[in-house]
Each structure stands twice: as structure tokens, then as C-alpha cells.
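Each in C-alpha cells, the structures are laid out below.
After this come two complexes, each holding chain A, first together with chain B and then together with chain C.
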Partner chain A sequence: MHCLWCDADMIPELSWKTIFWLSRPTYLCPPCAEQLTILKGKRCGKCSRESDEEVCPDCRWWAADAAWDDPLVRNYAVFSYNDAMKEMIAKWKYRGDYCLGKVFEGAYQTAFKQAFSFLSREAVAVPIPLSDERMHERGFNQAKMLADFLPLKTWDILTRNHSEKQSKKTRRQRVTAANPFQLTRTVKHPVILADDIYTTGSTLRHAAFVLKEHGCPAVYALTLIRG
Partner chain B sequence: MDDYELSRRYAGKLLLRHEILIDEPRFEHLLNAHYFTSETAIQTKWSHHECRRCGNQKPSLFGQIPCHHCGETHVYCRKCIEMGRVMACSLLYEWTSPDQPWPSHPNACTWEGELTTAQQKASDLIVRKIQGREKEILTWAVCGAGKTEILYPGISEALKLGMRVCIATPRADVVRELLPRLREAFSGVYIQGLYGGSLEKDGTAQLMIATTHQLLRFKQAFDVMIIDEVDAFPYTHDTSLPFAAARAKKETSTTIYLTATPRQEQQMRMARKKLPHVFIPRRFHGHPMPVPVFHMCYSLKKDLQKSQPPKAFFKWFHHRKTPGRQLLIFVPTINLAGNLTQKLAAILSNSTTMAVHASDHDREEKVQQFREKRFQILVTTTILERGVTFPSVDVAILDAGHTVFDEAALVQIAGRAGRSPSDPTGEVVFFHDGKTEAMREAVRSITRMNKRGGFH
Partner chain C sequence: MKGYWHVPALGIAVSFLAVIFENIWFLAVFFLWLLYLYYDQRLGKIAILISLTCSIFAYTYIPELEVPQEDEAFTSHQSTFTGQITSPISESEARIGFELKDEESDRKWLIVYFKDDQDGDHDLKHGASCTIYGQPELPEEGRNPGQFDYQKYLLGQGITYQITVDSLESLDCSGSSFLNNIYQLRSRLIQFVQDEISPETAAWLNALVLGDDAQIDEETTELFQRWNLSHILAISGLHVGLLVGLFYFLLVKMNILTKEKAQWVMIFFLPFYALIAGGEPSVLRASAMVLLFMLANKMNWKFSVTDVLSIVFIMLTLLDPYMLYHIGFQLSFSVTLGLLLSKNWLSQTSISFFSILKISFVSQMIILPLQVEYFYTFQPLSILLNLIIVPYFTMFVIPLMFFMLLLAPMAGFLISYIDRLFVHIHEVFMVFIQFIDQTLYYPLVIGSFPLAAAIVYYVLFLILMEKLERKQQKQAFKLGCYLTALLIIIVIKPYFSPTGHVTMLDIGQGDAIVIELPYRKGVIFIDAGAKVAFDSDEPSDNIFKQVIQPYLYSRGISKVDTTFISHADTDHMGSLQYMAESGMVDNVVVSQYYAFSENVTEVLADIGTEVIRASQEEAVTIGGQTFYVLGPIRDKQSANENSLVLYTAIGGKSWLFTGDIDSDTERELLNRYPELHADVLKVAHHGSKTSTDPVFLQKLQPIYGLISVGENNTYGHPHASVMNALKEANISIIRTDQNGAIQYHFSESEGTFSTFLP
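Right, the complex of A and B next:
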């Protein structure tokens, strides 16, 4: 095995344990794995931001917006958004290094077990889609890849209008933008939205809103990072 | 765009479809008329893949991706992915209609400096090789011999003959440093500098400076290929770069290697007279290279584990012959550079200390500030080992026995000292916990070069 990030040769440790139990494959060498930090400690119960308060000011602001009931029950994030993570995400998503996504598989599954074990097996994973243009450009949807890691059925039932990249917009533009999502079929089960990053939460809320509108009982989200 | 402009833009390139900015019907037409020819980007034989853009053949650097366009799972190259993903279904396009000739610049060189006799001799030889369209020549010049200036007459001659010239170097830092110097020396010629993140990207100039990565987009483009610091770290270890350099030059072309520390293989070829070369043993200011001094530190590994500089270092530091000089400290790893800087800053509080390494975003800025003498001590990894000039520094290596410091690296590092005519000497100290063959060889090779330069 070679490290998917630095291509260093990894020599698997040989012990009785590894002989008798198949261990989870490791895709990163220890120094590279060390650079990613899994979020631990106190966080906002709603959006996963590191915070001492139960609910962070951002989420209070969402809740106070009387125009809608917040459609998202909660978001759980796995990693913090440090420089190493930024580089990996850029290579995976923007450069299109598809395999690199495997690096996140283990941690994403563990986080699912930790945060969403209460969900029934009926629940479905719904990836945040890319617009057709963006899909054509990148060749794959990183959120779909994440959704497929989960031990749930993946329903790719959302579609998206083309607009400028979220990452190029300001906070105000994101929050006030029109809802770009449509639903291709309805779901009567709880839904976990899968996406790579929660920044302002507007994308996930737009998607959650469309799902709720068509009768979905509850919408959660599991993102790789809390930006 | 007419044929002339198309040729200017696309001749000598090897590009993916989305890098060619021509609309589909027009492109279709050009393809049918054989203006462009295509080849599959990844060749597969049995289960062995080869990327035709970067020459990658390493299995771990190929990945599988479900292709959105064909609905199949394809192989893609992970090695050159920074330049846009190349997949098994991608095609690489090459301009195959006759090239338009490049203009001739009769007196391109506007540089008015003078070459030393040794420089003149080398540069005359380079000019002759270019005129005779001979295959290759190696210029072996000690660090600080003024390699760039030696090239000016050669480049000038090539431009006079209407040739296309490329200076390839493994490091973006070097491109950034060379570009303004060349623009000044050839003020009437349009020059482009290509590196990841450069503003100009199209590579349409007659005279170019490029990192070897950027060369991956060229094929049979240059009449004169100047390869700077061929022995530099990524160049010898990364097979895609010699691959790119070899492909980017035309079939009849002149390759000029510039180096201060030729590798074993080149030394052998020189000894067998298979590789023509010219040796410049003197620095341009006429002083010898400083010879490194060894300092043994018994608890070096222990100290460095605690990110603590060894005692011997402080002893030396406080008794330097010229305390006014800035100090450049080389360390083997990025982590150590960061931690050691904090410790040093705390202990030597009256001199300011900074660290730079490859993944440092403010690298250029810090190097520039150090050059302007805004701070005293710079701790660095091997990234500043070559191609960068500071006027007046002492140099120390902590753990010179580490494997990242091979002979070439050590010679290069020693060559950072004594670069300016106003301060032509400098101390070079290797702190180690056991001499390695590389260290011994480095000193031997420096004394040998000094001897050949007439110093005893």
C-alpha cells in the first residue's frame, strides 16, 4: 500500500490481531493521517461548530428567522477545516482526484455510528447534487461518494440549478440566494444529507426545505468538515 | 484566429481538449484537416499503464474513476493531476501543421556587464554549440560563478537565428528570480515565466522560463533547451521531469545543462568524453568557495528531538568572526524548522528569527525580507539550498549527517556563503554526530574545485 496523499510506501504492521481479523484498510501514512484533526470536545448541538455554548450564535440566527421553521434538525461534522484538510479537499474535489475520497471513508462511517445510531434502518442517505454543468466539469460528485460510504440506501433524488460556486459567494449572497434544488421523487423516511462542507448552512437548509416540503419526516446532515 | 495565430498558440504543445480554446465545429474541422493530431492519453498494456503526458508508470499513482461521460470505470493519472485530470478516455492533441518561423532578433541582448575570462570562455563555447546545432553541453560552474550571465551571449545568438529558447528549472522560486533579470537583459524581447500560479499561462513567447512541470504541456517546441540545476532534488528523483524536458525540445536542438554539482552519471560521461563540457572553477568575484568546517555534537539527536539547538552551536554562534553577518540555518525536516525557530527566538532574543519551508505560504515574502536584512536568522529546510542568493551570510547545518543532505546538497548549501564581492567569504559549519561519506565527499569536492581554480 502507498499513502494516497504523499505516496510513501506503507508497510502494514504484522501482529496476531492483523492475522486473525481483517483490519480496516489504511489509506494514509501515519504522518499524513496526523495532519487531519477529528472534531472532538464541545460543539454546537445544531451545526457542529466548536463552541462552548449549546447552540452557537449562527444557529440562533437561523432559528430566529421567522420566515421558516428551521428544516434541518442537526448537522454533524467529522473534521475541522485546517490547512491540510483544505489542500486535500482541493485536490479531491477541484482537481478531481477521485481515489483520495477513500481517505475519509473510515472516519465518516465512525461519525455516522456515533451521531446517528438512533435512526432506523429505513433512513436514506441523500447526497447534495452538483448542477449538470459542474458535474460535466468535475466528472464526479464528491457528496455522492460520501453518501455511498454510509450503511444506508443512497437516493440521488435532488437536482440543482446551475449557479456560481458557493465558495465564490459572500455570506449574504449565499443566505439570500433562491433555492436551487428540486426533488425528483418524495421520501417518507428520515433523510441524512451528505455533503463535504458546512459553511453557512444555507445549501443544506435549502435542500432540507425541499425535502420537508414534500413530506419527509426529518432531515439530518452529516458533513465531512465544519468550515 | 487565422492560421498564423493558431500556430503561434498551439505549435509545440501537447494539450487536453479543454486547454484548446477553439469552439467545437472549428476544432472538428482543424482535426479533419490534420492541423491537430490526437493520441490516447493513457496507454495500457496488460495491466500496466503509462501516462503519455507525464510519463508516469508507477501503479500507485494511477486511480480508478467512474467516468461521467462514458459510464465506465476508467484509469486516471494521479501524478500530473495538478495540471488537469488525464483519463483513459482523454485525448492529447498536438499541432501537426507546419510551424510558422519565429522572428529573428539581431541584437537582443541589452545587458552591458562584462564577463570574466572564465565566463567568456564558457559562453563562447555555448554560442558555438548553438550555431552548430550540436546536441548537448554541460556547463559545470561553482556556486556563485555567475551562471545566468554566461547564458546571455548564447541566448542572444539563438534569438538572432530565430530559434525558440526555454530555460527549465525544477523550482518556481528560480523562475521568479530569473524572470526580472532576463527581462532586463533582453528588454526588447517578449519573455514569459511559467510556474504553477503564474499570471501568464499560455506559453506563447519565443523565450521562456518554465518549471519542469509546466514543460509537460510542450512537445517538440524548443531549439535551445537550457536545463538549470539538473541535479536539483526533484529533478533527479522524479522521472517525469527529464521525460518532459526531453519531449519539449525539437529533434535537432541544443541542450545546455547548468550545474554546480554534476552527478556520478554525468561525471562518468564527461570522463569518457561522451558529454562535452566546460568547467568554470572560479566565482565571478575571484574568491574561492568557503570550505565547510565540521563540529561534532555528541547529543545532537537528543537535542533535536527536544528541538533544542546543540551546545556547540551556541558556542560557535557567540564567537563568530563576523557577528554582523546574517545567519542561514539548514535543518532536515519541516517540523524541526518550525519548533527550532521558536526555541531560538526565545534564547537569542536580540536577533529576530524566522522559518521557511516548502509548504509555507509566506515563503517568497520572508525570503525577500531576509534579503533586505530585515531580520537576522533564517531557519530553512533544503528548499533554499540552491538558486537563491543572499549577499552576506554565514551558513550552519544542524544534523548534516541526515540523509536529505547528500553530497550535492551539501556543496550547494556551502555555496550560499560569500556570494557578494563586498563580502566574498563566509563561515560554513556542519553540526553532526558522525561524519558521513556525503559530508567528506562535499568537502573534498569543494577543495578540488578551489584547487582547479588556482587557489591553494
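Right, the complex of A and C next:
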């Protein structure tokens, strides 16, 4: 097995711990894995931003906006956004290294177990979709890949109008933009939205809004990164 | 597959267990494990497939050791065999032996020739094609529980028959193989060392560098075995590692070769050294591993050490599946695996004392069940003794021996100096170990390690090591306690067993009967015979070492409560002094008229063994079991006729032990005890015609007659007339010469006879 990031040859170390319960194959070599930081300390209970407060100012602002009636119960994020992560995401998402996504599988699953074990097995994972154009450009949806890591059914039931990339917009533009999502079928179970990054939270809230509107009882989100 | 080669290797090991225990469940568990690994995405498809193939193939490939039915047509006469010599020629002062692969049947024979004084030199070479005229026979089988079984041992090497050759002329061989040159170089080196260096040093040099421990005296070998130190005498990773390091250092530091070239030299030298060092499994393992390391290094391959170990394991078992049966192979691989797995745990300490302690602990614990199964005993203190011995040998003796062999051809004067120095130091060292042996040798005589207990042991040990690795000391301590408890249960199990045993050991022409009472309330001997040594009139310790001690140890017995000795003939008392010397004998019961030899008196007095003189009519009770002394009634001025006659009731039957009394004494016994009756009679004097009168049988009315008598003995025992008398009286006869050891397994009121040989 070679490290998916630096291509170093990786050989699992055998010891008393692992001779019978072989450790799961890892996709990153230990030095590369060390460069990613898993969010550990105190965080906002709502959006996972590192914060000493229960709810960060950002989320208080969302909650205060009566027009929204914040449709998202909670977002849980796995990693913080650092340079190494930035590069990895770029290679994975924009330069089409589909396999590199496997690097996140273990941590994404563990985070799910940690944060959402209270959910029933009925819950559904719903990936944030790409617009058809974007899909054509990239060849795969990174959010769908993440959703498939979860031990839940994945329902790819959202569609998206084509617009400019979120990352090219300002915060104001994102928050005030029209809702780009439509629903192809209703869902009566709790939903976990899967996406790669939570930056302002508007994408997830747009999606959550559409779901709630059509009768979904509760919408959570699990993102790889809290930007 | 990298990092996972241990899985197929474990598959082969599991198949081996399935074969030897004839239990397919081992494989089933292995398959379930693979299934789990697959579904939990811990192991890829290719690794699973390779592991499955390896285990299933091994299951069909590993030979079962089945004792063949003797083919009478084959063994009844001498025949001619043609084939090729496939082993080095092993030669001692008394015999020459080698393996021959039969051309026609493809089977392997062991060819044995017992030397004659008039023999000239032979011309036997590895790889030679031979025509041999000799007598095929089944190798000697073990005749007693616990005894070494030569037949099984040879079967473990794929040899069913041995062929004894009368004279060197019956061996017609020509040609040789390339390997022969190496084997001959080896013998020449061994000879050279013996010629050039003092015998004390030569013995160690040959053992530690050339893998020939024949010159190390038996006492030292046994001492090392008692203290689980034999691994030092077997050339293994320690030695090979040192050798490679030394050579490399010399070649590079003395500017003889570049590093690059020095590595290549070592790569080509290692297989050569493996053969020079005798080619035992531990040498092969170590050399192959070091070789693979160096090759991988050259090729810039990354690898894990456990993979190298596993691949060597797989290759060696494919090459020769019989190797799996080799004790050295099993121990060598187990210990190496244990140490490799402990790498993390070992690196948690930086103090070398603790590292060595940990190494010693892991190596001893991982082979404990094997150690007990093969040698019956375990010496817990050996973990500590290893702390002193291993550094002494690795840092001092082994490097010195390699140096000496290197220097011997060029610098003789220097050698004699180093030689003398070594002899002095080593003597002090050996005295020290002998001192420890005499003062601290308290082995746990465990006897046997049942399979179920071994499985529990290894599960607990695995968890213990895992906890230690995770630094969960409390949990580890708990597991250590469980392990200790398990060992204690195994040791005290006999004290809870309601079954007792009477065992008439087959010691050839002579008596040795062991009575083990239920709940281990007592262990009693009636006679402990020996053979007379070839070169003197003294009893030899062979019977004690080969039959009596192994039997007792295999039963987990280290102490005999009472030893009755019927009379003062070697075939009834010869082993007493050896039993006493090893501290087994608590007290000895003899008749009023028994005359001890000076030698034995001295030994017994030295050790402080109590001697009880029992007279007729007396009763001796041990652990609730009462023996009535019925004879001798009066002094008959002859050892045989003065035999102690014992009567007792065991397991619902009455028993009469008669020693070597003759018909006259039998009659006197009947006169004195007209009502005497016994269900089981130990037939007097090995079935001599001077004893066992028909009238005696008629009165006594025994159901069973036990005869302890040597196979093909020169006295013609048991005599035909005695056999007739016994048959006419309708007595079931059980003989040690035909059946090996005879055992009676009993509970309170009943029991059954069984024999060791079918």
C-alpha cells in the first residue's frame, strides 16, 4: 500500500495489538496523516467552529434571522481547515483525484459514530449535489462520496441550479443568494447532509430549508471541514 | 500483501495443528477469522486468497505421522537397496548413520552401521549413489509413557524403517554432490578446531560456531536444558547476526572491501555458513532472514520484519513439511515471532537491564506449553538466569569463538593465549551456574499441557501482551494472575483426580512398579531396577534417565513418598541411588535381611533418606494405602529368596508383589498364610522356572499375572513351564516384553488394565 498523498510505501507494523485484529488499512502514511488536524477542543455546538462559547456569534446570527427559522439542527465537522487540507481538497475535488477521498473515510465514519449515534437506522444521508455543468466538469460529486462512507442509505435527492462557485462569492452574496436546490422526492426520516466544507453555512441551510419545507422531521449535517 | 504475510504463515501453522490434533476445527476458526477480516475490511481479497490457498494446501501437504504396521515380508530378511545419500554422514565413535532415498519407492531409509575396530576408512559422501545390503527393521519405539520414542522421532523426519548394515562391504557407493564439499569442509573444520585448540574451548567453539555440540559433555547439555538455556547452544539469529556484524565490520573497517561489495560477499556467504553450521532449522531460519534483509536493502525494498519471518517460514515448510515436526523449528519460530511482536513493548524501556528481562520473559512465556509438552518441566527462575547468561554469551563467548576460528590458521601463538584465558573465565562461569543449579533448582514439574489449557494459555498470553503494549499495567497484572492461576490448576489437577494408577514400567529385564494413589495421596515405588553398565558392574543411570524420570515427570511427579525395594539385585534396586540423588526419594522400605552396598548406603546417608526395615507381619501405610509385609519369613541367606513380599488391595483387587522369590519360598508363604488369595500376581523372578509353582497358583487363584521381563532376554524368561502353568490356571498374562508398560487405572472399587503397546 502506498500513501495516497506522498506515495511513500506503507507497511503496517505488526505487534501484539494488531496480529489478530489487523489494523484497518490506512491511506495516509503517518507523517502525512499528522498534517491534518482533527477538531478536538471546545467547539460551537451548532456549527463545530472552534469556540469557547456554547454557540458562536455566527450561529446566533443565523438563529436570530426570523426569515430562516434555522432549518439546520446541527453541523458536525471533522477537520480544521489548514494548508495541508487545502491542498488535499484541491487535488481531490478540482483536479479529479477521486481515490484520494478514501483518505477521509475512517475519520468521517468515526465522527459520525461520535456525533450521530443517537440517530435511528432509518436516517438518510443526503449529499449536497453539484449542478449538471459542474458534475460534467469534475466527473464526481465529492459530497456523494462522503455520504457513501456512512453506514446509512444514501439518497441523492437534491438537484442544484448552476451558479457561480460558492468559493468565488463573498459572504453577503452567499447568504442572500436565491435557494439553488430542488427536491426530487420527499423524505419522512431525519436527514444528515453530507458535504466537504462548512464555511458560512448557507449552502447547507438552503438544502435543509428545502428538505424541511417538504416535511423532513430534522436535518443535521456532517462536513469534513469547518472552514 | 506487504505487512500481511503472517496471515498465510499462520494459516500453515493452523493446518499443522489441525493435522497433528486431527481436529478440523482449527481450520474452521482460521477461516472464520479470515471472513471477519474480509468483512471488516481489514484484509484485502488477494491476501485472503493467498492465505486460504496456503492453509488448504498445507492441510493436504503436511504428512501425518502414522506408525506403520510392520511389514513382516519386508523385515524378515536382508535385502538390497539402491538409492542416493540425502543427508550428511553422521559419524560417532560407535556408529555411522545417514539417510538414503530409495530409487524405486522414493522413500527414505535410515542406514545404520555399528563400527568395528578393524574398519578402515569409509568413502561415504553426500549425494552418492549407493547399493546397500542390510536388514530393514522398524526403529525402536517408546515402551513407556513419557519415554522418548525413537520411532516417532524418525517418522518426524519422514523415515519409517532403518536398515542395519553388517559390514562396510555391504555399502557400495560412488559419486558425490556439490554439497558434499561443504559437509566435508565442515567435518574438517571441526577436526581442525579439535586439533589446534584445547578440548575445553574446542567443544564450545564447535558448538557455537559450527553447530556441533557432540563434544560438550552431557552434564553441561543437561544443565542447559534444565534451565531452558538450550537456545544458546542452538545456532540462531543471535549467532548469525553477530557473525554478519563481525565480518562486515572487519571487511569494511580494514578497508578490504567497499560497503557495497562487503554486502554482496555476506549475501553469498550466508547460505554457505548455514550449511557449515550444520543446517539445523534455527540456523536456516536465521540465515535466511538475514539474507532476505540484506537483499531487500540492496534492492531498496521496504519490508516488515514479521513479513520476512513469515516468508522464511512459508518457504521452509514448502521445502520440507517435516520440518514443522522439529522441536528446534517450533521453538525458533515461536520465540522470534514473540520478540518481533513485542518490539513496541520492548522499546518502552531504555534501560538495557529491563529490556533483557523483557526479552527473556517473552521468549520463555511464549514457548512454555511447548517446553512442558517436550520436557515436562518449567523453571521459572530461568527467566532470571537468562539475564546473566545471554549477555555473557552474546558479548563475550560467541564473538570470541568466531575470532578464534578466524585467527587460528594465522596466529597460533595468540590463540593459545586467548584459549587459556577463555578456559579460566569459562570455568569460573560454569562453577557459578552449577552453584545456582545446586541451590536454586526448583522446577515446576508440570507433566503435560492439555490442548484446551494450551489454547486458554495462549489467549490469555496474547491479551496480557496487548495490555502491556498499551501500558495498561493494572489490566496486565490481572491477566498475569489469570495465567498463574491456569498454571496452578494444571499443576494441582492430579490432587483432584479420583483415578489412581498402578504402572509396571517396562525397564527390560527388571522391576519398577509405580503406584499413584487417587487424589495424589501418595506415590509409591515397588522396586526401581536398572541395567548394569557396559564398562563396570555398577548400575547404569540409563533406566532412570530414560524411563523412570520421564515417566514421573510426565505425570507431574517430582517426589516419591515411599520406595519399597524387594531385594538387593541391580535389576530391582539399581535406579534407587539415581532417584535418591535427584531428590525424589523420601524413604526406603526394605526387609530385615536386606544388605545395602556401601555405595548406596553412602548416597542415602548423604541425602538423608530414611531407611525403614519392615519385618514380616508388619503393615506399612502410605496415604491411606496399607501394604502388608508377608515375607521374608526367615533369613534364607539369598537375596532372591529374601525378597520383600507385599500384599495390598488396590482398586477393588488384591495384589501380591513377590520380588524374585522361588517355589520354596512360595510354599512357605502358603504354609504361613493358608487363606492367601490375590487377584493380581506379580509373577516372581520375571517368569523364571524356579518360581511360580502350579500349586502356588492353584491356592492363590489369581486372575491376572503380570510379568516384567526383557525382550529377547538371555535367561529365556519367562520360562515355558511357567507360561503353561499360568495358562492352565486360566490366568490372563500381561508381559512387558510384549506390551511395554502395563497400567491399571482404578477408582475406589474398580479398575481396568491397559498396556502401552497395542
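Some notes on this structure:
Here is the rule we use: the second predicted complex is superposed on the first by the 224 of 227 C-alpha atoms of A that agree within 3 Å, B and C clash if a C-alpha of one lies under 4 Å from a C-alpha of the other, contacts with A are read in each partner's own complex, and residues count from 1 in each chain.
FYI, a residue touches a chain if its C-beta (ideal position, glycine included) is under 8 Å from a C-beta of that chain, and two chains touch if they have at least 3 such contacts.
Model, not experiment: these values are computed from the prediction.
Clash-free side-by-side placement of chain B and chain C is the outcome of superposition onto chain A. In the superposed pair of complexes, A:Trp21 makes contact with chain C only, with no contact to chain B. Touch criterion met: A:Cys99 reaches chain B, while chain C stays clear of it. Residue contacts after overlaying the shared chain place A:Gly41 against neither chain B nor chain C.
Of the two partner chains placed by superposition, A:Gly215 touches none, neither chain B nor chain C. Once the two complexes are laid over each other on the shared chain, residue contacts for A:Lys91 go to chain B alone; chain C is not touched. In the superposed model, A:Asp7 makes contact with chain B only, not with chain C.
After overlaying the two complexes on the shared chain, residue contacts for A:His136 are found with chain B alone; chain C is out of touch.
With both complexes superposed, C is the one of chain B and chain C in contact with more chain A residues. In the superposed model, the vertex angle chain B-chain A-chain C (Cα centres) comes to 80 degrees (nearest 10).
With both structures placed on the common chain, the touch criterion links A:Pro151 to neither chain B nor chain C. Minimum C-alpha separation, chain B to chain C, in the superposed model: 10 Å. When the two complexes are laid over each other on chain A, chain A has no residue in contact with both chain B and chain C. Of all residues in chain A, only 2, 7, 83, 91, 95-99, 135-136, 139-140 touch chain B in the complex they form. Looking at the complex, you find that chain C touches chain A at residues 2-4, 6-7, 33, 37, 40-44, 302-304, 306-307, 340-345, 462, 465-466, 468-470. Interface of chain B with chain A (complex): residues 58, 60-61, 63-69, 76, 78, 81-82, 85, 87, 359.
Chain A makes touch with chain C in their complex at residues 1, 9-17, 19-25.
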